[in-house]
Structure formats: structure tokens, C-alpha cells
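After this come two complexes, each holding subunit A, first together with subunit B and then together with subunit C.
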Partner chain A sequence: MSQFRAKTLDIGGYVNKWIIRDHTKRKVVAEYETERQSLRYIIRNTSLPQRMRAQAQLQLSQMHCYTRPTQVKNRCIMGGKGRGVLSDFRMGRFQFRMNALAGNIPGVKKASW
Partner chain B sequence: MRLPRSVQAIYLRPLRRTPTYGIPSCDLQLRSYSVRNLEFFADFAMRAAYYLNLAAKGPIPLPQITERWTVPRGNFIHKKSQENFERKTLRRLIQIQDGHPTVVQCWLGYLERKAYHGIGMKANVWDFEGLDVVGRMEEEGDRLDREMEVHWSNFGVRANAATEESLEKLLGEKAFSRQIRPMEEFIRDPVEVNRS
Partner chain C sequence: MSVPRARILALLKTQCTIFNTTYNPNRLRLGNKILRQRLKGPSITNYYPPRIRVVQELKKAYPDWEVEDEKEDERVEGLKIKRQRGKGAPKKRRTAAESKKLLKRRPGQARPAAATPAA
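Up next is the complex of A and B:
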């Protein structure tokens, strides 16, 4: 969302709207992590009053979706693709293949066994 | 013309010292994707150990780590035509036996300084310890704790972090106080109705 997005571009490399969005989400998640964790703690702590826990539940559900760690997705650093990304290389499968064949990834060779 | 001994030794297998007791003092693991670089650097490490008067065992070849990936050849569909890629990590282990800790550190530092491209290194170092280890460890731990206090006191502190006060504000100050029930003024005690 625009209220979280940096005013100027603050990432390098391949950039498209998905990459920017994911980058923003990562920053927001990192920023609100303690708050989320403390609310989660209150909710799960059975020794606290029920009212407090219910309020914490409400607060947690009302937090912005960008603060949720599940919103973060690994994307291809070469083309911004969101599916078929090899986490070992942070690249989409086709980009991985092209780079591996070009010899840009150390140690990766065509296998035959 | 005969070459000097030290130069001639380069053409021969690395010399090695014999350990007195054979108690390991350092395990150095070298990792690389290329055999040539790895063999070369392992050889270099052995020679360095010899000239530092350290008894080195190895290089022992450890099992290689093979990682494989299978990806479709094309960028779109055509799942039936795929290609395999692999990365083999080769490993060598060099063990130093009966080494003096400072000399071992010197050897490791030298290897780090002369680090070769495409080679990863990791070392496990063992040291002798006198009696009353626990007492000294505790002392050391307390000292480190006191030293780290300055750094830890700043850890995770943020102006907008969720502190106790901010959480109280977040949950409302009246979290514990009794809230007014709905229709409070209309609630009355039950009256007994006499039915005859």
C-alpha cells in the first residue's frame, strides 16, 4: 500500500511493481514484528484476563495485512517472477537455466548420471 | 644446476611432521566446486603446516555433496522436456595434531590471508584446559556479559517498538477496569412474584 511505500526507489536490480510491493512488505513486516509477536503472546497466554486476550485478538486482526509475514514471497531477482523460483539461487527456473548454461552460477553444471 | 632444496620441494609431495601423541588440535575443512583449486590449496596448507612445525594429517577427501535441480527447458509449459543441473561440493579435511594453540592460530590466519579463490574454509579448534574449568568459564561469561551489556541494552530498542506502555495504549487503559454494561440503568434486582 502506498502509505508504506518509499517515496523514492530504494532497491536496485530488476524492478517492477511486484518487486517493489514485495520489498515494501518485507520492510513493513520487519518493522511491526515485535508488535505482532507481543499481541500473539497476549492471545496465547492463558494466565491473562480473557478480556485483554480478546482485545489483543481484535487488535491483531485489525493490523494491516502488510505486517503479516506470510505476505512475503520470494521473487526472481532477474525477472521478478513469483512462481517457480529456486530459493537456492533466488531466480526463476528459466533464468536459472539460462544463467547456469552461461556459467554465471558457480559450480552449477549440466548433470548426467 | 641443482635447485635449492626449498624450491625443489615444490615439485615433490608436501613434507609432513610426525605427531608425538596424535591428539587432534584443529580440523580444517576446505570446500570448493573445482578439484584443481581445492587440491592446490590443500597442498599449500600442508606445506604451510610443515614450515610452521605442525604435524598435519591429510588432506582427507570427505564425501562430496551433490545437489541437483531439474527445470523445464522452455520458459513456458512443455513440462515433458526438462534439463538436469547439478553442483558438486568437494571437501578436504586437514587435521593438525599436537599443535600449540598460538601456532595453530597463526597457521589459520596465514591461510585466511592467502585465501584462494573459490575455496571455503572452516576450522574446528580444540584446546587444552586446566582444572577448575567451570569456575573460569563462569568468570569469563560474567565478564563478557558485563562487556556486552552496553550493546545489548540498545538491542531491539526502537522508538515505535511495542513496549509495555504502548501495548497498554494499544489495548486501551480500561482493559482491567469494569466497563458499563449495556442498559446499565435499567438493570434491577429480581423481584419475587407471588402467584396464587
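Up next is the complex of A and C:
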């Protein structure tokens, strides 16, 4: 959502609208993480009054969807692809192959035996 | 050989103080597992590489120093040349009427009524 988006571009590398959106979500998730966790704690704590827990549930469900950590998706930092991304290298499978063969990724070598 | 319950509870209590955990002999659900979780925010936000603009950051860090920005200088130079050739951006219109009057007619666009020649 535009209210969360940075006014100036703050990420380098490959940029498209999906990457900008995902980056915005990541920042919002980080910002509201403590609030969400505290609400989650209130909900899970059975020693607290039932009314308070119900209110916390309502509050958590009414938070913006960008604050939810499940909204974040790992995308390829080289080409923006959302599928087939190797999370260890933050790259799509084909970008990973090209970069690995070119020797740009330290410690990665084509297997041969 | 049976150990009295009170003794076991005392043992649990000391165990909790040593390992810094919550003393909860009745095994109530207190939601402490959520408090124990690490905050994932910093690692989540660091996923994409940051944008590094050396010249701008240097300028910001040292406002009194003169930092040469080649790209910006080139752009300003190009603008100057364009303006000399009359290819610069049009002047900003202040009022709605002024902007309408100077609007260029594009093909396929109907002519405004005032501008049509009387025939």
C-alpha cells in the first residue's frame, strides 16, 4: 500500500514493482512485529481475563495485512522472480545457475565425479 | 522410594531460577513461548541489497565539503544545451486558463470552439 511505501527508492540491485512491494511489506512487518507478538502473547495466555483476550484477538485480526509476516515472499534479487528462488542465495534457479557457473557465488562449484 | 511432591516442586523452582524459565507447576498455558521467540524483523528487512549512492551520501555526511557529482553535472549541462536550442521543458503554468490557452492541439482532438475560424 502506498502509505507504507518509501518516498525515494531505498533498494539497489534489480527493481520492479513486485520487489518494491515486497520490500515495503518487509519494513512494515519489522515495524509492527513487537505489537503483533504482544497481542499474540495476550491471546495465548490463558491466565488473563477472557474479555481481554477476545479484544486482543479482534485487534490482531484488524491490523493491516502488510503487518503480517506471511505476506513476505522471497524474490530473486537478480531478476525479481517469485518462484524457484533458492533462499540461501536469494536468487531464482536460473540466475543462480548462471552466476554459479560464472564464479560469482563464492564456495559454489558444479558437481562432477 | 517415593519423593514427596513438595520436594519436587522446590527442585523445579530452583531449576527455573537457574535456567531463567517461568515456574509453572500446573502447566498452565501462559503464552511464554511467544515471548521466547526471537524478533525476525531485522533479518526480514535485510533481504534486498541496500541502494548505495556514494556521492549523495557523502554530500549528506559532509555538507561543508564540495563533492563532485559527475552525473548530476552532466545532466545540468545537457539541460542548458537543450534550453539554448529551444528544446527545454515548457514553463510551469500558474493558472488553469493559461494552461488551456497554450495547450497544443493533437491530431484527432476537436478544436476548441473559440479557435475555429468563422466560415
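Operating definition for what follows: the second predicted complex is superposed on the first by the 113 of 113 C-alpha atoms of A that agree within 3 Å, B and C clash if a C-alpha of one lies under 4 Å from a C-alpha of the other, contacts with A are read in each partner's own complex, and residues count from 1 in each chain.
What we mean here is this: a residue touches a chain if its C-beta (ideal position, glycine included) is under 8 Å from a C-beta of that chain, and two chains touch if they have at least 3 such contacts.
Values in this document were obtained by computation on a predicted structure and should not be read as measured data.
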Partner chain in contact with A:C65 - subunit B first, subunit C second, else both or neither: neither
Contacts of A:A56 with subunit B and subunit C, given as first, second, both or neither: first
Which of subunit B and subunit C A:M1 touches, first, second, both or neither: neither
First (subunit B), second (subunit C), both or neither touched by A:R40: second
Partner chain(s) touched by A:S112 [first = subunit B, second = subunit C, both, neither]: first
Which of subunit B and subunit C A:I19 touches, first, second, both or neither: second
Touching partner for A:D88 - first (subunit B), second (subunit C), both, neither: first
Overlapping contact positions on subunit A, where the subunit C interface meets the subunit B interface: 31, 34, 37, 42
Residues on subunit A engaged by subunit B in the complex (per definition of touch): 31, 34-35, 37-39, 42, 49, 51-52, 55-56, 59, 84, 86, 88, 93-94, 96-97, 100, 106-113
Interfacial residue positions of subunit A with respect to subunit C in the complex: 9-13, 19, 22-23, 26-27, 29-31, 33-34, 37, 40-47, 69, 72, 74, 77, 90
Residues on subunit B engaged by subunit A in the complex (per definition of touch): 33-34, 67-69, 71-75, 83-89, 118, 156, 158, 160-162, 167, 170-172, 175-176
Contact footprint of subunit A on subunit C as seen in their complex: 28-31, 33-35, 37, 39-42, 44-45, 47-52
